[in-house]
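Next, two complexes with chain A in common: one pairs it with chain B, the other with chain C.
Up next, the complex of A and B:
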């Protein structure tokens, strides 16, 4: 009755696969639960002293709230908390897919110059008063930021269409753009008045303070369009991580995939930065955290990147309120401050290499 | 003996110098002064081709000079034209040829400010504001101008407004050869400031009302609130007997407040600043205060500001204690008018006899080359609620 064989039975393979699939789902669910907990903490913290139960009551039954509570919870805290989650997820997903299609662990909207382009677009509006699209009224700072970020992606796009262009060309092009926009921005800064400068700083360092429900809704819609598309291409994207040639051999049209994903990422990151300003590090760190936990399989990697991004930004939102209650700190400043030590400890604590 | 000999010698020397050099309006006498940045500057003679790092320095210069305030000035930055067009048009109406003659040198710290332009204009002094000392050092501006032989003097009416106004006026008096005018204005300044501080000093700390200052309310239509720590308008509030909310949070010039914190603090008064920014920045929703301020327009603007999400819930708004005041008092030696008006808002009974509008009118009658007009402050109407 003894079966001497090194190859595991079909049952074992199927069982192992199923186990892994269950494990992946469990991880995503666990991350989602932790995120929910941070959002709850985010909503109950603030300079106004409102208990957990009071906040819960006001959210579940808005009619019991006093006007002040209604304003604090519904107009001030909830939009900021939601914006943190959605923008964090958008940046996490953008970083994850940029790293995948460019095959580079340092790719993210910030390093590729998209955030800097958005900041420069905003600065052009703030300092020079120029609007790229006429007739957008008071929204022109946001619109300018969006147009510049999309323009920067378009440039990256054109580079991919060039003959002989490879991911390295795109990365270098992105870095060149980042430095160009950075220099242009510095130029505008020197000419800015005191008020313009204050406005600019919040752009460059990112801020959730101007979150509103319509902005949250726009972000949710964009994410709801782009994320399912990325998930539908999970197999192809996972294959791409084994190398361009292998992916092509498996029947993936690598160039078309790259273009489509880049288009999606551009939309995600341009919308995110035009609403909250340039927030560094989330797009870079979130995918690495996800990769360390679930590996390269996009079915786990992508949702976890989104959740990790949302978690980082939500945590930062709590922290930014806790430093000095009553004062608003630019959030991008804090993401870098808490993100870097966490990231370094993760890298140094890892035994095996996650980036191959 | 010795000193008499020395002064006789100096007189002789001066006579020779006067004899040798062609007569100019400026006295040929070296002037050494310490500026607001603490730098010692020596001017070989009174400058008569001065460049203003900020056009708004004219607020002070026009107040201390007898006659034409532009006489010794060749150019400026166009901030006055852009951010306080009302005041610019007042100057323009009074001295049309002179404002026409002004060269716009742009921002001293930006690339468009060229040393060549300064030399071309034959400038003999550049006046900068000490709030930008760091930028001036960082960009090498002082060094470059030094090499070109153009001295730089720092003054300040903004960063540490209440502390630096008198010394800045003294410096301007010496540079423009208007010591008498400066002294007269300083007397006026001190007298008007004391009208408030003498009364406020007797008010115990626990009776002082809480005030939130909103710097440039409506500059960004979707965002609140920039505020001042214990500087500038924050300091004006403290001098007027209020507790400045942002000062309780941070000891910084500029503090960004969270709206929720403001709601929770529920201050007794909210004071926003506004100026006629609409010409340079059409999207602003601020009150357009200034020499051309229209009470009807501003009543609508302040009602809209007080109706922003969250503001309607504030005790201050409901009680008609939401105020708006001319932003540019923050960068001019006339801030005693703001201090008086704030004191009147905070303590209407104690300052019943104080009339800030009269102070403002007298300021113009006695010192300014143009008359007072327009609207410089207002409060929201209680009935609007």
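Up next, the complex of A and C:
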């Protein structure tokens, strides 16, 4: 090209990119700071009289805590607050990557039937008393939920291996699974006793009340394994958003990438759902928020989806305690209640810019 | 360096797409136009050369049989720009070109990388689109981004599948000039699939005519465009004239 007109200089183009890169980092840092604040607010929300700064100090330096503060903050409330953060991040990441590999804005563990499969697994344990794996003791509800969620993922996995299977096939298969497990769950509910029904409904609504440090640790370990893998495949996942053809031409093994990401997402969502029950909308909404703010370059999209998921669930945890003092509402109930209007406003306000 | 294709066969199920498709060695520094009617197998031939589908036959780059390379190694030597660009993502033009520059690896973006991408966008005269999402681009703009994304890669072979199909006249000439200059400067082998025989005549050093998966003719434009196979293949009457700059002008008429 000899004559170049009407186009900004190279320095201007570089400046624009650098400004956006700095903005992206600043957003991630800001989201992380807000998340820390919500964790502290989550801990102070409740009957005991604790101040924001005192709790922040005890979290950052546990040695300054009194015995009472240690019990309330470290033993009772922080595991719940941290579970909200980690599970929110797991669901945010799961939704982001499912939407990426399936090229569908409605993909998330819930809409693909993984959460419903986990609910059915838990129902089998609660109503029939059957444990899929022997020798797991009191954890059999959680283990059943995990095994069924992984089983459902495996089924999705096998569909992707089928000749001619495409993202649409996977989505339809996921919806079919969701309805199948829903129907099976209804069968179990129909024959359940009142006590079992109460347990089942509580589990289906999702709750952070059973959070413990070992459960938080398991979630952190799974997230620490899967998230870095996803981050390492950032360019390939970003390329996939330009279409399979384009990604393949750039050297992405599309089928292998889909399988690996589906395996990681299955692990994340199965573990999350098996510990806290079915929580809808976090996996769906968090990636949409991240996408609106930083776009779909996975280098910003993935961390921000994780942070958005963590923020949503942490905020919901606060709300679940603040609505009626002394009562902790099931968290899944709140996410659905807030999620639906939020999601509708998101769709209507988005001007259909993407996913057309 | 030469690119030679010998006896490629490929079928979707029982429907053959490529039938012993092959051509004599193409020379580096030259631009070849792959011409032929719709569904003649042009895109499939490109995919087979790039290794994106498994076809029977041989593709030789110099002395190397490309089948012996890993898919990634093959795609680093053969750059393929597909015809369709799913431009519905919230990705900026800058990032889309950057991902090709980074060859999908490494998080660290150096100042050399940013300079190279900015320079490529500037030269392609799409610098003003750098921070726009690809979902906001027109079809023509998306096609120019796609060409820019291909040209920022350092490959030995460049395959462009209809790179000008969505462009206006001015941009068709600009993009094909850009491709021809890049191929010549890098001493690479370039093949462009084109429907417009005038553009093929103007920009290509060599033509390959494809019909129903078979190579019917190959050679210099002045020779190929005058052959009766061209008119037979397209089902039209063709008249070749000489333009004001001594270039070939193709006039096509429907059979009355």
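Keep this in mind: the second predicted complex is superposed on the first by the 329 of 356 C-alpha atoms of A that agree within 3 Å, B and C clash if a C-alpha of one lies under 4 Å from a C-alpha of the other, contacts with A are read in each partner's own complex, and residues count from 1 in each chain.
The rule is short, and it goes like this: a contact is a pair of C-beta atoms (placed from the backbone, for glycine too) under 8 Å apart; a residue touches a chain by one contact, two chains touch by 3 or more.
This structure is a prediction, so every number in the text was calculated from the model and none was measured.
Student: Quick check on the chain A-based superposition: chain B and chain C, clash or fit?
Tutor: Because the two structures are overlaid on the shared chain, the partners are seen to fit without clashing.
Student: Is A:246 in contact with chain B, with chain C, with both, or with neither (first, second, both, neither)?
Tutor: In the superposition, A:246 contacts chain C only.
Student: Report for A:236: first if it touches chain B alone, second if chain C alone, otherwise both or neither.
Tutor: A:236: touches chain C, not chain B.
Student: Put chain A at the vertex: what angle do the Cα centres of chain B and chain C make there, to the nearest 10 degrees?
Tutor: 150
Student: So which one touches more of the residues on chain A, chain B or chain C?
Tutor: The partner that reaches more residues of chain A in the superposed model: C.
Student: Give, as a whole number of angstrom, the minimum Cα separation of chain B and chain C in the superposed three-chain arrangement.
Tutor: The answer is 43 Å, the least C-alpha separation in the overlay.
Student: For chain A, what residues appear in both contact lists, the one with chain B and the one with chain C?
Tutor: Residues common to the chain A contacts of chain C and of chain B do not exist here, since the sets are disjoint.
Student: With touch defined as at the start, can you tell me which chain B residues reach chain A in the complex?
Tutor: Against chain A, chain B makes touches at 79, 83, 106-107, 109-112, 131, 135, 139, 215-216, 219-223, 226, 245, 249-250, 254-265, 280-281, 283, 309-310, 312-313.
Student: Tell me, which parts of chain C touch chain A in their complex?
Tutor: 50, 52, 71-72, 75-76, 79-82, 84-92, 94-96, 99-100, 102-105, 107, 109, 114-115, 117-119, 121-128, 130-131, 133-136, 146, 174, 177-178, 181
Student: For chain A, which residues are in contact with chain B within the complex?
Tutor: 46-49, 67-68, 71-72, 75-77, 129, 137-138, 140, 187, 190-191, 193-195, 198-199, 202, 209-210, 212, 321, 324-329
Student: Report the residues of chain A in contact with chain C in the complex, numbered from low to high.
Tutor: Contact set of chain A toward chain C: 1, 4-14, 16-18, 20-21, 103, 231, 234-236, 238-239, 241-243, 245-246, 248-253, 291, 295-297, 299, 353-356.
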